[in-house]
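The data blocks that follow each hold one structure.
What follows is chain A paired twice: with chain B in the first complex and chain C in the second.
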Partner chain A sequence: MKRIMINKDLCSACLNCYMACMAEHNKNGKSVFDVDLEDIENEGRNYITIDKEGKPVPIFCRHCDEPECVNTCMSGAMTKDKKTGIVSYNKEKCASCFMCVMSCPYGVLKPDSKSKTVVVKCDMCDGREIPRCVENCPTGAIYLEEVDC
Partner chain B sequence: MSKCGNCTTCQSADKVLEGFISSMDMETSHHRVESQKVKCGFGQQGVCCRLCANGPCRITPKSPRGICGANADTIVARNFLRAVASGAACYLHVIENTARNLKSIGETKGTIKGINALNKVAQIFGIEEKDMHKKAVMIADKVIADLYKPRFEKMELVEKMAYKPRVENWKKLNIMPGGAKSEVFDAVVKTSTNLNSDPVDMLLNCLNLGISTGLYGLTLTNLLNDIMLGEPVIRAAKVGFKVVDTDYINIMITGHQHSTISHLQDVLIDEKVIEKAKKAGAKGFKLVGCTCVGQDLQLRGEHYQEVFAGHAGNNFTSEPLIATGGIDLIVSEFNCTLPGIESIADEFMVKMICLDDVAKKANAEYLQYSFEKREEISDYVIDEAIKSYSERRGNVNIKGKKSFLSAFKKHPERKSNITINVPADHGYDDVITGVSEESLKAFLGGSWKPLVDLIAAGKIKGVAGIVGCSNLTAKGHDVFTVELTKELIKRDIIVLSAGCSSGGLENVGLMSPGAAELAGENLKEVCKSLGIPPVLNFGPCLAIGRLELVATELAEYLGIDIPQLPLVLSAPQWLEEQALADGAFGLALGLPLHLAIPPFITGSKVVTKVLTEDLETLTGGKLILEDDVIKAADKLEEIVLDKRRKLGLK
Partner chain C sequence: MKYVIIGASAAGINAAKTLRELDSSNEIVIISKDNNVYSRCMLHHVISGNRDLEKIAFEDKDFFSKYNIRWVKGIEVIDISTDKKEVILENDKIEKYDKLLIATGASSFIPPVKNLREAKGVYSLRNYDDVLNIEEGIKKSKKAVILGAGLVGIDAAIGLMERGVKLSIVEMANRILPLQLDQKGADRYQKLFRTKDIDIYTSVRLEEVILKEGGFVDKVKLSDGTLLECDMIVVAAGVRPNVGFIKDEHIKIDKGIVIDKNCRTTLTDVYAAGDVTFTAPIWPIAVKQGIAAAYNMYGKEKLFDDTFALRNSMNFLGLESVSLGVVEAPYSRYTIDIIETKDVYKKIIHKDGIVYGAILIGDIDYCGVLHQLIKYKINISNINKNIFKIDYSDFFSIKQDGQYKYEAL
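Right, the complex of A and B next:
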């Protein structure tokens, strides 16, 4: 599988990855101009945080080899596809226990801001050749690398 | 994207140009589109604010306000007003210099080439004076006085120039401009840190700036230039790279201030000056048009047949034009003088001289233009052109182009080893140029009746002004402009163009009579019977002011207001802040205005709604954002049909 890798030294916190994620998963259309930046229902699935030295750190789902979110999920909402390596989330099966949020070693999973009932989770742009966030990173702080799944 | 060896260039509607660019071994703007393709989404939506040290702040669903508390509406409106103010400032700079030059010509009893224009403007201004030089001074004084008024004093020429129903509308909306330069000044104040936060107030302010941009920056610049430089006359002309004749010392000009090069263009055909060129081995001097000032020269080409080689192309044609090797010197006085020309000019040993420091290029020599020093400046430019010509082309005795070029190949040891490669197949020979509000009316027999009759009979469904810039991102260089124009003429909508859009349209043949074949049956018949193309070339972006004059005269003839006309505007490939100020004028006139790329406003619901919907109830105008050619044509055609219906036309 292709994994999104991070070189945090190159991150300038421009949030283009966050914008790209919102655009790709927007029900109103895929153009950047279709993104309603005031609509909390459409939030990005990645984020940039600041480390203790004040430097930006991109936080992305790694679709782990040993995914804690899958291991701790009791309802079967989180599954790992052995072939593609993708960790998927099915909101219909989710019981909103948020064990996945608690167990994620990277702190990337979070409940949605509006209803706080579903998990905001990367889907690697659902089969898109290059995830939109990677395509829109101007500095190369996030990039794809082929890894065994 | 088009592949060229190991590089990528953007598409151009002009395929010969695209091929030429992809064969260049130097980088141009067309190459850089690829490496700049990742855009900042917050910038695109206009929600990035850099007004204070707490920022930059950006609006996201999780951070809906900047640190100061400004929301998306405030941030977007502030950014937009700032951009419009800058654009207005650019055009006001042009009219200020133009008026000052007219005043100097009047005071020194210089040549007035456009007596009709002089009398027309004097009549509009209410000036009664027999002596034409005094008249010129009085006209210039009135313009300058208005520009320099404080903001709290309204400019007096607005009421004299604008169409009465529009003035009434503007008064109702309280957007009549005070002194134009002061208005720009306070717009900058308004958009500074923790000042105005009211999006609607700022949008109305944009309309105010649009009015002074349109009436002064555009309309008056045209008319004052007509007085000094001659009125446009309709004629067929050559365009494209083929206008470059390497037997001459070629001076490429870039900018928007035709009167600044007025003296130079006259002396270049002076016998003594030609003699100097001959001594250097050339036949004489030619001015090669590029950017809007080239369109201006083309517009008045009837009066400059000897010195003007023709218009080579628009802003994004300037880099490859220098790379033909046929240019010996560049004189710039305003935009669009791309920074990208610098490295190419250096490589091709082309000296650059700048006459107005607002357009000072890093590698250009700056000579501050002043009317008093015009002779000295022209002499210097001529001497430098000869020096540059001799240095770059080698001191070869030219007996004919062939021997001249082969002499290069034979003497590679010479200091100059530039390659001259002017693609003779680029461009057209029969572009109809010189169209203005006056020349078009004269062509129609001195009245708008024939045009109105054709519209009423449905032979011409409506009129579209495809205006403004050329950019590289709305599908590629001139691609959206050309495709939309073709789509509209197919639907029997006649297209009038002014700006770099016309530079693109003429270089693909749409302004040649043969383009009639691309029009719908009705429009084709009209074009063929009149011998005109379906796309009329009004010249530079300044001539958007001429389109406004045409619109006003048509409305006057019909006794209706401008928004009622079956007339639409599109600046599909707008590029710069000036275009936004032009656009604000179009909206103040009450016209629908289409843009293919949103002007960094979509991050605000209030700003977007006011401009695309509510404005229709205020001025009658509205913004249409559409990045699909067919959908844009559909929307524009629907508006034309709707306005026809409301006028009782089929």
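Right, the complex of A and C next:
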């Protein structure tokens, strides 16, 4: 599978990846010019946070080999595709119990801020050749690599 | 090699799926009392009318054909002949096995309160049939008492709330969701329930059910003398493992079927997983036991070591919350950090760098890290940060293949 690899030392917290993710998943259009930063309905699925040393760290869904979010999902909304390696989320099936949010060991998941009924989850840009975040990272802190799974 | 699995819920289905992924050719059979594969955690959504049977399925319709699994459905297992390695079904048919997994789950427990077991109009909420029975009941019933304000009791209230039935919840502890929330946390939900005209009676026990003609429920009498008129009772007082069909004493049963870390019972080639083991009646444990059992049945060793049970996420009336570990400090030498605003209540209980419990209400973003800290007692004393802001960046560590890990584990 292809995984977004992380070299956190190269991250400068420019948040281009976050903006790119918002743009890619914006129902109003995919250009960055369509992004309304005040629209809480539109939020990035991965994020940059600041660690105890004050340094930026990218927290990106790993699409784990043994995903806790899938193991804890009681509705069948969260599934792991063994062929593509992608952990997908189906919001139609989701019952908003948020067991996945509680169970992701790396704290990647959250309920959406607007309706609090949907899980905000990386979908690897749903088949896009290079995820939009990776494409927009100017430092190489995130990059795509083929890995065994 | 032939694998037989009894039970088609979280543990059984995940075991079957895992077996097929490991073993592409050998026969896999699931025998289940249930006629459908569905998530019990969503039954209340059927009562409320938000979902139907199809929409509480947690696997796709083509599951059995896709994974090439033979499904014997709607049939109960009545015995296991362990020396012949046969499972005996209620229709007298037998099913031979080489490896057997018992994943028969649990049933609602009806406490031995006067008249409760005999009364007509008493329901539980565990199986799809219970939903059908409740559905039938509310055609006539106008006032329901829900016995127990744990997760199932509250689910029942949520399901029945919009159905024109006046609800009263009766709970022995001094608050609703006593295992999941402290008083302040429970108060937030109790306030919300009261806005829905649901009455809550805490610190009381059910003493007696008073019957009317024909043996139907008429009133319940509580331990403080209160009489509540009702024509329906939903019992949510816990579950007991379904072990009645196991007569062979070689399979050791304590509260549930006793298993080791490989999900093996005390009898060779017989495994158990899920609620029937009485580990903790929560979905993720059943799933992971099912998966571990499958690996071991196939002959590939896999340990099941995730027995941490004090974890729940809740989402009632639009207010989401997570409860991890203890809800109160066991004694006074713990540090308790609290955030309290109009919409949010958060509490973290810790001592000497180890977090023992947390309640998060109204903001559960990225809280999986806290789960990990509590479950594995990961020391945070060297992290000089507001405890509510600690996240995975403070533990960041990456494997060769890009997956995250915790250095401490």
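Definition applied: the second predicted complex is superposed on the first by the 149 of 149 C-alpha atoms of A that agree within 3 Å, B and C clash if a C-alpha of one lies under 4 Å from a C-alpha of the other, contacts with A are read in each partner's own complex, and residues count from 1 in each chain.
Just so we're on the same page, a contact is a pair of C-beta atoms (placed from the backbone, for glycine too) under 8 Å apart; a residue touches a chain by one contact, two chains touch by 3 or more.
Just so it is clear, the model here is predicted, and its values are computed rather than measured.
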Determine, for the superposed arrangement built on chain A, whether chain B and chain C clash or fit.
fit
Angle at the Cα centre of chain A, taken between the Cα centres of chain B and chain C once the superposition is applied, in steps of 10 degrees
160
Partner chain(s) touched by A:Ile6 [first = chain B, second = chain C, both, neither]:
second
Kindly classify A:Asp65 by the partners it touches after superposition: chain B alone (first), chain C alone (second), both, or neither?
second
Does chain B (first) or chain C (second) touch A:Ala95, or do both, or does neither?
second
Of chain B and chain C, the partner touching more residues of chain A is C
What is the contact status of A:Ile50 with respect to chain B (first) and chain C (second): first, second, both, or neither?
second
After overlaying the two complexes, what is the shortest C-alpha distance between chain B and chain C, in Å?
12
Please give the residue numbers of chain C that touch chain A in the complex, ascending.
10, 21, 39, 41-42, 45, 51, 55-60, 283-284, 287-288, 291, 311-315, 318, 320, 322, 324, 364-372, 383-385, 391-394, 396, 398, 401-404, 406
Given the complex, residues on chain B that touch chain A span 38-42, 44-45, 47, 58-62, 64, 71-72, 598, 602-603, 605, 625, 627
Complex contacts: residues of chain A adjacent to chain B
14-16, 18-20, 22-23, 31-33, 35-44, 113, 135-138
Could you please specify the touching residues of chain A with respect to chain C in the complex?
3-6, 8, 49-52, 57, 59, 62, 64-65, 68, 71-76, 82, 93, 95-99, 101-111, 116, 145, 147-149
